[in-house]
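Have a look at these structures, which come just after this line.
There are two complexes below, and they share chain A, which is joined by chain B in the first and by chain C in the second.
Right after this comes the complex of A and B.
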């Protein structure tokens, strides 16, 4: 179980996350929805520990001062000060916004690099799972990731994150810039990952409609704060939320 | 075409490759321009000389130990200095250049001046390649240069650590998200780069004498190769080594020896003016697509 307790992030004097508390149970799928600048990616950085690296680098180069408050707990253990690579070793893996693939490496090599933490048999078995989940990648194994389409890149990004053997997958805006037909393939992978791998998922999106059928519980963010939370049904029953985020 | 240009141009290219590959590896993985590269090259030569001539160790042992010391020194430089300034380009250049300067001037201050120091060749004798006489040491140089390229290619393709280096080289933060320790990988790259500088020194120094000033020359050569090939691009380093190696040899054949440095400096200037990303500036375009 992953829990964020009263997390606050300041970029200089700008409050990017305001007292955010979210919980993702084991084998759960949690949605975090909000418009641009709502704080979704900052929340993902805080959960994955990437924010510590950004904070350190900004501090060293005398750049933006980043201040963090609150706690991040994994299975009750405080991991607030744990670096990103150590959180990944504990199964907390981020699939970042805009994919951030290794552009010069082939699809197969991206997956292989993703399997840094996996044993040989785990890497083999996970690669097979990824290829089964995204058959389009089979023919693209040796293609440089930088030359793939946005949808193909997203499939590789999810596959690469799965290679790291997560127990909790953080998907930051996986549908960004994808055509509806590709969105469907990517979204369909969420229940498959949950069901077949037993992995919990926290997924952020601006537009919730494609994702909402697959989440158990969701948070709505605005300007760094959670303005509403509830089960899928509760949110769908709210006409304002429905109109603003679900487009129906 | 004269056959000696073909043969000795190839040898010169392999020498450049040996000098530059460590610099390229470090920059490629950690984006750190290690301006202490030339100093580590010279230091390894003097450490090997001291262990062999002063301490009386057998040469293979002295050579092995000096390469190991160079690698450990690289790791120490990363953890003590570079880790703190990573990401600050100007500070990285100043810090590494200062370390290099301190090492080279320290050696000079310690009395290592003039051309009276030398390292032994791996083997003596001459072979004929296309009827051109080539001494054994230069054959070793070519073999080692080519071996190093193949070894690094295999290492980054087929080993877990090598793949983590390749991942870091392309996107440090994405690599961290997958559990790769950024500091450890960068330290490993600096250590490996320093060892490569050391290996290059032990294979190239026996062709002449061991002089401190070589450190500055090697640094400029390494920078020229990496700028022309595309900073951080390993294939670019290989191609640029051959282009500049042949350019140098042809220039020397028809001009004067000191034009070697002019070729390298001109190559840097022309590349920065015409195509700042070098031969293999592909990575930037790919990054933009991603």
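Right after this comes the complex of A and C.
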């Protein structure tokens, strides 16, 4: 179980996350929806620990001062000050926004880097799982990832995150810039990942409609705060939310 | 992160009121605002203008002051290329040597006086450097760094092996300056010219395009601008202070040799930029103003000098990679206070 308690993030004097508390149970799928600047990515950085890295780099560079408050707990244990790579080793793996692949490495190499700490058999088995889930990747194994289409790159990014053997996967805007038909393929991997591998997923999106059928519970964010939360049914029943985020 | 939110405080950074006011027309509203704006600039300029007078009783330290200006020019050139154009130049010595040899030729072969030879050598040298670097400008990444690192070595060996340009002996008996005052103020005004000229340029339209090339060359192309041509112009501009430094220096010492292409001349400007603060153009000058006297003070340590040097540099990179100038200007422009969350 992953829990964020009263998390606040300031970028210099700007409040990016205002007192956010979210919970993701084991083997659950949680949605975080909101427009640009809602704080979705910052929340993902805070959960995955990347924020600590950004904070340090900005400090050394003399850039923005990032101030953090609140707690992040994994299975009741405080991991607030744990660095991103150590959180990843504990099973909390981020699949970042805009994919961030290793563009000059091949698809197979990208996956291999993700599975660097996994055992050989785990890596082999996970690669097979990824290739089965995204058959389009099979023929692209030796192609440089930077030259793949956006959809293919997203599949590699999810695959790479799975290679790190997560127990909880943080998917930051996985549908960004994808055609509806490709969105379909990507989004359908979420229940598959949950069902076949028992991985919980926290997924953020601007446009909730393609994702909402697959989440159990969702948070709606605006300007760094949660403005509404509820189960899928509760949110779908709310006419305001429906109009704003589901486009129907 | 940590304890409950309510008791937490965070440090807030806010622009000083006077800074905000002096950015607009209110800058002229009172002497306080005017003073806020011009004091740092006046202090900087006054320090350089007074340097020759204050150091005149000690000829040795006057020379150190001039070496500092030479290093500052090379550091400005490095900072401009690295932090505004995005080209890491590991061969400041190349600009320096080309400028030096060109001026030496103009003086010894054509008999031009220093005050004419130096500006002409600066221009010709910059043309030569740009022409020689042009082939690697369409490339991205490390190529420019490699080529600039190789050129000074290449020049050294070429001069040695082919015994051209005076061979290992170099040129001697180059005409010096008419008086120590001309020598010192000529260099200081040269430094001002390049420093303030480039600072102005990077905020003008041309400079905007140059900075954009560093950020995203594809988007620059999409705006219909030739990236290679922009880089070529930028390299020419960056070679100018480097060539000027070389040309000036050889007239100060009346000789030039293959040491004009020494690796030190490529490394020291980088150190000055890191310490002073990259991306500010003033920072490298401040870095040079600290490094050169430090290096002179450490002269007794002999070859251990480089160890101290390396330690200072590493310390800055590890603990204060933003550099002195960035810290100072932030303190000058902003204040901090604790606020309740």
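Here, the second predicted complex is superposed on the first by the 248 of 248 C-alpha atoms of A that agree within 3 Å, B and C clash if a C-alpha of one lies under 4 Å from a C-alpha of the other, contacts with A are read in each partner's own complex, and residues count from 1 in each chain.
Methods note: a contact is a pair of C-beta atoms (placed from the backbone, for glycine too) under 8 Å apart; a residue touches a chain by one contact, two chains touch by 3 or more.
Just so it is clear, the model here is predicted, and its values are computed rather than measured.
Colleague: Overlaying on chain A: chain B and chain C, fit or clash?
Modeller: After superposition on chain A, chain B vs chain C: clash.
Colleague: Figure out whether A:116 sits in contact with chain B (first) or chain C (second), or with both, or with neither.
Modeller: A:116 sits against chain B, while chain C stays out of touch.
Colleague: Tell me which partner A:105 touches in the superposition: chain B (first), chain C (second), both or neither.
Modeller: A:105 contacts chain B only, not chain C.
Colleague: So which one touches more of the residues on chain A, chain B or chain C?
Modeller: The partner that reaches more residues of chain A in the superposed model: B.
Colleague: Please indicate which partner A:210 is in contact with in the superposed arrangement: first for chain B, second for chain C, both, or neither.
Modeller: In the superposition, A:210 contacts neither chain B nor chain C.
Colleague: Looking at the overlay, what does A:48 touch: chain B (first), chain C (second), both, or neither?
Modeller: The first partner, chain B, only.
Colleague: Name the contact category of A:68: first (chain B only), second (chain C only), both, or neither.
Modeller: It touches chain C, and chain B stays clear.
Colleague: With the two complexes superposed on chain A, say which partner A:151 touches: chain B (first), chain C (second), both, or neither.
Modeller: The answer is neither, since A:151 touches no partner chain.
Colleague: After lining up the shared chain so the two structures overlap, which partner does A:31 touch, if you call chain B first and chain C second: first, second, both or neither?
Modeller: neither
Colleague: With both complexes superposed on chain A, which partner does A:224 reach: first (chain B), second (chain C), both or neither?
Modeller: So A:224 meets neither chain B nor chain C here.
Colleague: Quick one: is A:8 in contact with chain B, with chain C, with both, or with neither? Answer first, second, both or neither.
Modeller: Touch partner of A:8: chain C, not chain B.
Colleague: Which one hits chain C, of these parts of chain B: 6-14, 60-68 or 96-104?
Modeller: Answer for the clashing stretch of chain B: 96-104.
Colleague: For chain A, give the residues common to its interface with chain B and its interface with chain C.
Modeller: On chain A, the overlap between the chain B and chain C contacts is residues 60-61.
Colleague: Provide the residue numbers of chain B that touch chain A in the complex, in ascending order.
Modeller: 84-88, 157, 160, 163-164, 166-167, 170-171, 173-182, 282-283, 285-287, 289-290
Colleague: For chain A, which residues are in contact with chain B within the complex?
Modeller: Residues 48, 50, 53, 57, 60-61, 83-85, 88-89, 93-96, 98-105, 109, 112-114, 116-117, 144-147, 153, 160-161, 163-164.
Colleague: How about chain C: which of its residues touch chain A in the complex?
Modeller: 1-2, 4-5, 8, 10-14, 320-323, 326-327, 330, 341
Colleague: Using the touch rule from the top, collect the residues of chain A that touch chain C in their complex.
Modeller: 6-8, 10, 12-13, 19, 60-62, 65, 67-72, 80-81
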